[in-house]
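Same chain, two partners: subunit A is paired with subunit B first, then with subunit C.
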Partner chain A sequence: MRAERRSGSLMAAPYAAFLAVFALYPILFALVLVFLKWDLVTTPVFAGFDNVRVLANDGRFWRAVENTFVFLSIHLPLQIASALALALALNRPLMFRSFWRAAFFLPVVISGAVVAILWSNLYATDVGLINGLLVRVGLNPVPWLTDPSTAMPAIAAMVTWKNVGFYVIIYLAGLQYIPRSCKEAIEIEGATTWQRFRYLTLPMLLPQTILVVTLSTINGFQLFIEPYVMTGGGPLRRTYSIVLYLYTNAFAYQKMGYAATIGVALALIIGTVVLIQRRVIGKAEAL
Partner chain B sequence: MKTLRRIALYTGLTIAALTFIYPFLWMASATFKPLSEVGTIALFPSHATLDNYRTMWARAPFGRALLNSMFVAGTITISVLVFGSITAYSMARLRFRGRPVLNAATMGVLLVPGQLTLIPMYTLIVQFGWVDTYAALIVPYLFNATAILMMRQFFLQIPQSLIDSARMDGMGEMRILFTIFWPLSRPVLSIVAIFTFMGSWNEVLWPLLVVREQHLMTLPQLLTVFSLGGGAGSIGVSLASAMVLVVPVVIAYAILQRNFIESMASSGVKG
Partner chain C sequence: MPSVHFDHVSKRFGATTVVEDFSLDVEDGELLVLVGGSGSGKTTILRMLAGLEEVTEGTIRIDDRDVTALPPRDRDVAMVFQDYGLYPHMTVRENLSLGLRLRKVARTEIDRRVAWAADMLRLEPLLDRKPKQLSGGQQQRVAMGRAMVREPLVFLFDEPLSNLDAGLRAQMRIEIGGLQRRLMTTTVYVTHDQVEAMTLGDRIVVLADGRIQQIGKPIELYRSPVNRFVAGFVGTPPMNFVDGNVAQKNGSISFTSDGIDFPFLSERRASDVPSGSVTLGIRPEDMTVDVLDAQSDGPTRGLQGRVVLVERLGGTSHIHFDAGPHRLLAAVSNDRLPEVGDAISVRLHSERIHLFVGDRRISSVI
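Moving on, here comes the complex of A and B:
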């Protein structure tokens, strides 16, 4: 018993020390930084609520928040619909099932930086593959990433494409849990394919849908490398993301206190949005 | 009617699969195309060339970045497996003071978004004098809360009788872990290994903060800096440098796709 205690504490000690330095301290220090002005060179200055006050009136920050909501309003429905459709297709008896699954999942394993560079070329106005296709079928080329109204939707579509394979796996797992007896019962009742989907599959997949919404929302708030590589936040700051703004404040302006304040605000926004979403989806379920 | 539906299903699946695969094929082929052909849809260049690769290799240290990436991701993966499993074993199978706190803290860490701690972590690295060192890239990732919880969960299911009889034979806890638990835990260890390696291999925001010296950059960072800074100069060169990052992953994925999907889907790690 004493030997067990001793080896237990010894074996857990390095991790406990690691947690203290690289998790606990940064969380606490983030809250301290909110009240500091610090450029990492001179000594930090206590600034009271200055950072919070500036942030509350910072048009650039709120523009980034607004951009994120624009992103999510396109990304979430697209992500759910595409993942659900592909998962339903894969859930039938199929030839080469693992090939299809692997194909859909391929972009998930590829670095976001690569995907962003690849898609800046696919979206390019003059030489891009997508406009090439449009022109071939007789349509006009679209300046995807340089038009303020299409840039964020274009990025949202790309992120949906990159992550859909991940959410397909989540939905597939959910589909396997729908009991055979339920499927048989609803078939005996004479339900159409649509009714089966609407009143059996969709409600049974609610936990998966909540997971998809939560994860892709969190993911959306962490948008960084895509605008960094593809648009630099433009045109007209319409693709500027919160993390890109945080990074710019830390890296380009050396404002550690302000950047940390953005980080804390971001964490609070993510927490609030995810909680509201869960409430809303839960209520919709009750109807 | 039934055949018609099947044809529709397979056509749909083929189009979907092409949507995911074709861009990468196009990318691979574009790297072999001369500048005049890059904009074309064709997969096979009419005048194949290696110029893009020569230019990319000459202009930025991609060979070095490849080694950096392998070193950083490899070290982190080994540490997360070895030290992580030691931690997980103690949290699953040994009773000691502070264990409940450690459990709770580990789960708590997962709830905190990385952006909250990003700046304090960065200032910590600056204060340690670790900017432009491998330590900055490696040390903050030596342990991984997700990995520890997964291994702990797995270790909880291994029968206590195995531990008891090993102890009777005079085995220490470390030996029990590595000679009895490890061989039984291969599924969870491979899951942890893949998502840890991939997470590190694809990470770009953290290196962008703590590394400025080109020779210390990992592949995603060098690729980003190289393509954005105008170093690449042309699409072909920029995509050729992306290939250095993609090809090893695609080869590994082709061989181990089942494990990749299981690993990344269960951990939530996305490139």
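Moving on, here comes the complex of A and C:
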């Protein structure tokens, strides 16, 4: 028994070491940094609750929080709807089905920076492909990334496109789990296509939907690379996300203590939001 | 007027023919059983009737309406699936009522029908549970209730009992039969289990390789199977078959095979029986077994055999014995059973002997 326990610990040791170095240590270090002022060069100075106090009154930080919530309010519904719709389409008998599935998954494995550069070109006001198409059908070109009202929605649409393949996989797995006899039973019982979706498919995909909401919320709060590459947070700071603000404080202003405080605040915000989401949609989870 | 009418229906998947030229009338209120082994096409026929499978050729009519091209929801049928197909996220009550809600039936009428079905199937205490909180037998009853509340023209059962254990299966068989007789709803019931078919069916359709082998009442299939397949398929334990020859000697006819010379047909007209190679069929219960004592000089009419196995089932016993190279089985209810190794004399009840030429049974012999 003791030998068994020892070999068990031994086998877990590499992962435990990894976790300690890359998760536990940074978390603890960040918590310590909250109470320090440190520019990465000079000796850190103890600052008490200064960082927290500054953060609470930092209009730029709260603007970033607001921006991130705007992003999520567009990204989440769009992500769920597009992933679900694509999964339903790809679950049918379809020509070249494997090709389509691979095609929609491809953006997931492409670097975020590459996707951001690609989409900057698509969104470009004068030479972009999207505006080219709009002009061709007789519409006015839209300054996607330079108009404060369209910049964040444009980024949200792009992030949705990049991640959709991942969530499609989750929904496809869920769809294949619905027993054939259930689908046939509801068909015989008189359901139209919409009623089949409403009364069988959608409720039976609830566990997958909870997962998609949780994962895309956590991901969405960490929005960084897209505004960093495409807009630099503009126009009028409208695409300044929380993580972009954190990054700027850490590596442009060298305010490591303040950046860590933003990081801890972000973790608390994510935790709270996910908890609320679970309460709301988790009620129906008792399948 | 028949309630369900199949007119020369065929089903092909690519080059494979699953159902071939299937024609059948199901009478109003009848419980018709489709029985056959796997690959016999029985489930495909049921699924074509439900509208879950397209018909390659031919027409299907329900209540004198051509439904061949109609989607399942427009056929007014209800189906009970092998794995029940209950909606796992809904309570029993919601499972029962969904079909009616989808069809915009009035709330009071839905409540009335759900209460009626729940009462008939003893489901009241379970109405607020989810399917996974129910036993297999209870899920089965919910599936039946879901079909009943719709009050459809036709019930379809697709091997509904095969996921239950033996005891429950026998009990549910009785319930389904009783329920169908009370409701008098036309029912098509698919099973691979011939005992289920025999006990439930008003009529039985025996299928093999997508073709009808025989249609008839259970006792007709049992007493007068048209061919060797039906003879072997219907009845447990199955019929014994012995390949041999019929030869006429001095006006009497005998059946001969390796180690068997059996003059069983003396009372029959010789012209009824073809000479040449035939297969003799005899059901295990149509034999009488006598233990040969040392002093007896043996029977004159019967098979001589040696017992290789005795299965005591209580009421009846199965005696496996060798007659020449043939391993046969007799089902007897004797008090005095032979022991393994005993020499026995076996009398065949000649009015119950079946003769097959090729695959077909020669009905005139019986």
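In this text, the second predicted complex is superposed on the first by the 260 of 287 C-alpha atoms of A that agree within 3 Å, B and C clash if a C-alpha of one lies under 4 Å from a C-alpha of the other, contacts with A are read in each partner's own complex, and residues count from 1 in each chain.
In this section, a residue touches a chain if its C-beta (ideal position, glycine included) is under 8 Å from a C-beta of that chain, and two chains touch if they have at least 3 such contacts.
In this text the structure is predicted, and so the values were computed from the model without any measurement.
Upon superposition of the two complexes on subunit A, no clash is found between subunit B and subunit C, which fit side by side. In the superposition on chain A, contact is made by A:182 with subunit C only, not with subunit B. Legend: residue contacts after superposition of the two complexes on their common chain; A:204 is shown touching subunit C, with no touch to subunit B. In the superposed pair of complexes, A:191 makes contact with subunit C only, with no contact to subunit B.
Looking at the shared chain after the overlay, A:7 reaches subunit B, while subunit C stays out of its contact range. Contacts of A:66 after superposition on the shared chain: neither subunit B nor subunit C is touched. By the touch criterion defined above, A:266 lies against subunit B but remains apart from subunit C after alignment on the C-alpha atoms of chain A.
When the two structures are aligned on the shared chain, A:39 is found in touch with neither subunit B nor subunit C. Looking at the superposed arrangement, the partner reaching more residues of subunit A, out of subunit B and subunit C, is B. Shortest separation of subunit B and subunit C in the overlay equals 11 Å (C-alpha atoms, whole Å). Of all residues in subunit B, only 9-10, 12-13, 16-17, 19-21, 23-24, 26-27, 30, 38-41, 83-84, 86-87, 89-91, 94-99, 102, 105-106, 109, 112-124, 126, 139-140, 142-143, 145, 148, 172-174, 198, 201-202, 204-205, 208-209, 219-220, 223-224, 227-228, 235, 238-239, 242, 245-246, 249-250, 253, 257-258, 260-261, 264-265, 268, 270-271 touch subunit A in the complex they form.
Contact residues of subunit A toward subunit B in the complex are 4-9, 11-12, 14-16, 18-19, 21-27, 29-30, 33, 38, 40, 86, 89, 92, 94-95, 98-115, 117-119, 121-122, 124, 126-129, 132-133, 161-163, 165-166, 169-170, 215, 218-219, 221-222, 224-225, 228-229, 242-243, 246-247, 250-251, 256, 259-260, 263-264, 266-267, 270. Against subunit A, in their complex, subunit C makes its touches with residues 50-52, 71-73, 75, 77-79, 81-90, 98-99, 102-103, 130, 146, 150. Of all the residues in subunit A, the ones that touch subunit C in their complex are 179, 181-182, 184-192, 195, 199-200, 203-204, 206, 287.
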